[in-house]
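Next up is a structure, given as structure tokens.
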Amino acid sequence: MIFNFPFIAVIALILIGLYAIIFRKNLIKMVIGITIIQSGVNLFLITLGYREGAVAPIFTSLPSGTEIPQGMVFPIPQALTLTSIVIGVAVLALMLSLIIHIYRHYGTLDVRKIGGEK
Amino acid sequence: MNFVDFLLQHSPALIVAIPLLGAFLTPLVSRINNKVRNIFVIIILLITTSIVLLLALDVFAGNIHTYIFGAKDLTLPVVRILFEVDAMSAFMAIIGSILLLVSVIYSWSFIEENSGLDKYYTLVLLLAAGMFGMMLTGDMFNFFVFLEITSIASCALIAFWTNKGKAVEAAFKYIVISSLAALFVLFAIALLYGQYNALNIAVLGSVIQFSYLDKIALVLLVAALAMKAGIVPMHMWLPDAYGRAPASVTIILVGATQASLYGVFRVCFTLYGNTINLSPTSIGWIIVLLGVITMLIGVSMALIQSDFKRLIAFSAVAEIGFIFLGIGTGLTLFANNQMFGLIGSTAMSGGIFHIINDSLDVGLLFLVAGAVYYATKETSLDKMGGLARNMKYTTIFFIIGLLAISGIPPMNGFASKLLIYESTFQLNPILAIVAILSSIMLLAVFVKVFHSVFLGPAQPKFKDVKEVPKTMLFAMGIIASIIIIFGLFPDLVINNIVEPAVNALINYSEYIRQVIPTFTGGF
Amino acid sequence: MSIFESLLNTFETGSGFWNPIVWLVVILIVFLIIHILRGFGNKNYKVDTEQTKPFLSGNPEYSKEKMHIKGSNLYWGFTESLKWIFDNLNKMHTGNTSDYVLWFVIIISVLFLVVGLI
Amino acid sequence: MNGMSRIVKTITSIVFPFIMIFGLYIIAHGHLTPGGGFQGGAVVASGCAMILVAYGSVWTMGKIKEKNLSILESIGAICFIILAILGLGFGTVFFKNFLVGSNIIFGIVPSFGSTISNINTAGVIPLMNFAVGLKVIVGLFGIVLIMAYASRRRDNK
Amino acid sequence: MILDIIHILLPLLIIGSSLFAVLLKDLIAAAIAVAAMSLLLSLEFFILQAPDVAIAEAGIGACLTTAILVIAIKSTKRMEDEK
Amino acid sequence: MSKRNLFALIFFVIMAVFLFISSLMMHPFGNPEETNMDDEIIENAQIETGANNGVTAVVFDYRGFDTLGEATILFTAVAGVMIIFRRMNK
């Protein structure tokens, strides 16, 4: 009905993240790019599990008249997204610690200048 | 039910759970004593290895093990996580356990002088759990989770020597590349999930249709996992990471790379096995071409390196090209039953045999490089020379590794390379010629190393260099003896270990039927 | 078939065969012949005498470090004659993380073209 | 990072218990309402991060040693994996929810459909929530604390 | 109908803030943009009927991620200088 | 624009086109076609696990092993950060 717009937004987020990684020179910008891709993939997972007019899969004080399988959104993508979010913050922390160390060693965050290895 | 049966039944879960438990206990154990901690880690890995061998013995006899987490019986649709161990998984798990055990024995003296060793051993055990999980799992998302565990643990271990800027830089490159690859894998998994509402590999393999979205997912999975496996031109992180990590870590990284390689094959053969007829051999040819490029570029770059470990890393890239060539040849002919029987299965047994040979050879060479670094604190080839006088055993191990990696009989590399040459020659002679050429160039590369490091007149600055400690020699000796045994009795290995793995990859319908008994398809 | 018999099996590749044990025996025989030939050599060679000193047309010997051919000097002719290949290869390995990701994107798009369109 | 002004410190120490209670509520009611070990752990960890910002990393590190952090985290992880292994011991397989249906702790099974919340349900899940909650609190806060402390060390050099 | 408009509007806002995060030269501002993106994302999750994920995203994405980004930026360099 | 950026942009656009086409080929937003696995969970989660919250039931029961992996990742990250910021001299 709305032309799959959330899916298009997901692809756009992934491409913006890739743009940041490929065309930006700053290391922290690269990390931000990876965070954006992460968010895009998370949004994609949740969007896949959405059913129109459905409620969250929680039985505590459920609105009356909810059809049991059809009236609820998918629980599995939500569980997967939880995992994915925690993975994202773990990777981010590790990358930023490495960046702090790189800055101590090279004194710069420019991706072209740290290329000590050829 | 006796103990062994119990162990066998629960072995897929225990193989992952024991290293995990060990990793969680290591910070507590290391409060006691350093020696206790080392012994604890070795014991944990020994237990894991013995369970892997127990499981592998049963799997090679023809049983596929499935293990369901949280329920006794399998229900359809599959909602729980499955571990599904066929001969290919068991084969990979054997490689991983050998490499881990050797690495831990080697680290005893190699890494002794550094600080932060409790964290080091924790991460090694976590890496072990991640690798085994990747190899044994039968669930796509679970595969992604273990992929991430493997990459995060490897990244932290690559940066172990944080006082060296280049090590930190290599770790950063590694984590960017691997988290990106993992994200694309997750995206592909989500694409498949959105279409078929399933996450299990067997279930997905039974319903997959090769629609447009499936093609996108296939490309993303193959490209991302190939990048993690170090296929040219996405291999550039690999020499950086291998070259800068401590040698005891590098040998585990070899195993982690092979786990990604296993992911490529699992995706191509099992997940997309039922639809491979629909794509006119294109994905097989892509893999063959990638393999050829990988061999050539890897070996050419190795020729002009002047850093010891970096050189070995580039030759490791070239070796992965051989594996890709062998298995890609099989995949090319997968749809063609008659040709496959003639050539394809030989090529695939060559490729799969080469996985274990490659990890052993490259592992041994990395350990030798680490030993040389330990003794001389030097990695540049230009500054070394005449070390054979001081380090006799290391030199012998290097010669064994040299002969093995360049495919000289009677070492193990020869047998698998012979299989690859002969089968690819029948597919297309140019492939075999390129393969032989790369093999010869590998020999040239390592003769150069042999000359510049071990031969030549005694250098005055290395007068006081001593042989490395016994534990390191012992670790190298384990690998060297396996190499010689495999080289002398290749028939034994191929019949008992490699053939079941090849059959497991080919008969994807068996793998699927373990979960969906009504599946009819495949050969 | 007992284990011992299977150890001595000839390993067949489909179009050829290979038996490492036979090969080992041949190697041993060759070594034996070499040893016998060596026995015919000059007996009065002694270590740590003038005999071991290299003779460089009467010129004095260089220091030991200079006598050793360095690793990057080996195969100098080969790399020099194929310089254009190695130059291009070196140019490919920039050591820049963005370029690594760029190669990934290139491979993905090429594979999309090959698998998606054909 | 040094500590902030006294106003910030006071307000933080007033707000912090509320965040703590909210997070623990989310952890404890994970099987009934939206939430669980991860979400509650994240909330508590952000509260702790607030303390870190207000009082400075040196003060916080003085209160909580790095060793204690890693031991606490290990304990959380070990509790989680042991709950999983107990499934192997009491039940039949790994991750078997062996407490559900047993009518002892957390063993009641609710009736199907919309129910009022009963905290005494869901078997092993609340216990796992607590174990994961502990792990996530210590893990996330540990990451922030160590990074803040390490980047401070450079300023003094 | 209103829900449809929200389903279009929120992703647009997320894309907008992610573009800000990528394009801003001041890294602290970029980190704030990332936080804004996370917050909007958690709102979107809530509207997509995923309250569990929304809480986790709000706690981890908007708070802790920003905290470690700011720590990292403060201990390195604030401005991104392009030459 | 440098030569490298132009080159990169071409491939970037190719990839973008394919991905955007794929977003149009997906099932219509809000109406997933295959639903059997999730329906199974929604119908049985409350009885099998006793948890009223379906997501928690999935996280800790149906896919508990993933959660163990997730906890492990956090553990790994903390160990990694500690190992990166450790004191080098013993």
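Order as written gives the chain letters A, B, C, D, E and F; numbering starts at 1 within each chain.
Criterion: contacts are C-beta pairs under 8 Å (C-beta built on N, C-alpha and C of every residue); 3 or more make two chains touch, one makes a residue touch a chain.
Because the structure is predicted, anything quoted here is derived from the model rather than measured.
Traced through touching neighbours, the fewest hops from chain C to chain F number 1. Shared contact partners of chain C and chain E are A, F. Between A-C and A-E, more C-beta contact pairs are found at A-E.
Of all chains, the one whose Cα centroid sits at the greatest distance from that of chain D is C. Centres computed as Cα averages put chain C at a distance of 56 Å from chain D. Centre-to-centre separation between chain B and chain D, using Cα means, comes to 36 Å. Once the centre of each chain is set as its mean CA position, chain E and chain F turn out to be 18 Å apart. With centres set at the average Cα position, the gap from chain A to chain B is 29 Å. Taken residue by residue, chain C touches two or more other chains at 90, 93, 95, 97, 99, 101-102, 105-106, 108, 112, 116, whereas all remaining positions touch fewer.
In chain E, the residues that touch at least two other chains are 7, 50-52, 56, 60, 64, 68, 71-72, 75. Multi-chain contact residues, meaning those touching two or more other chains, occur in chain B at positions 20, 24, 69-70, 141, 145, 148, 152, 155-156, 159, 162, 168, 172, 176, 180, 194, 199, 212, 216, 240. Pairwise chain contacts present here: A-B, A-C, A-D, A-E, A-F, B-C, B-D, B-F, C-F, D-E, D-F, E-F [touch as defined]. Within the complex formed with chain C, the chain A residues making contact are 18, 21-25, 27, 30, 111-112, 115-118.
Contact residues of chain C toward chain B in the complex are 3, 6-7, 9-11, 13-16, 18, 20-21, 23-24, 27, 64-65, 67-72, 74-75, 78-79, 85-86, 89-90, 92-93, 95, 97, 99-101, 103-104, 106-108, 111-112, 114-116, 118.
Interface residues of chain A facing chain F in the complex, by the touch rule stated above, are 1-2, 4-8, 10-11, 14-15, 18-19, 22-23, 47-52, 56-60, 68-69, 72, 74-76, 78-80, 82-83, 86-87, 89-91, 93-94, 97-98, 101. Contact residues on chain B toward chain C in their complex (touch as defined above): 172-173, 176-177, 180-181, 184, 212, 215-216, 218-220, 222-224, 226-227, 233-234, 236-237, 240, 279-280, 282-283, 286, 297, 300-301, 303-304, 306, 342-343, 346, 380-382, 384-386, 409-410, 414-415, 418-419, 422-423, 426, 444, 448-449, 451-453, 456-461, 487-492, 494-495. Listed in rising order, the residues of chain F touching chain B in the complex are 18-19, 21-22, 25-27, 32-38, 40-41, 61-66, 68-70, 72-73, 75-77, 79-80, 82-84, 86-90.
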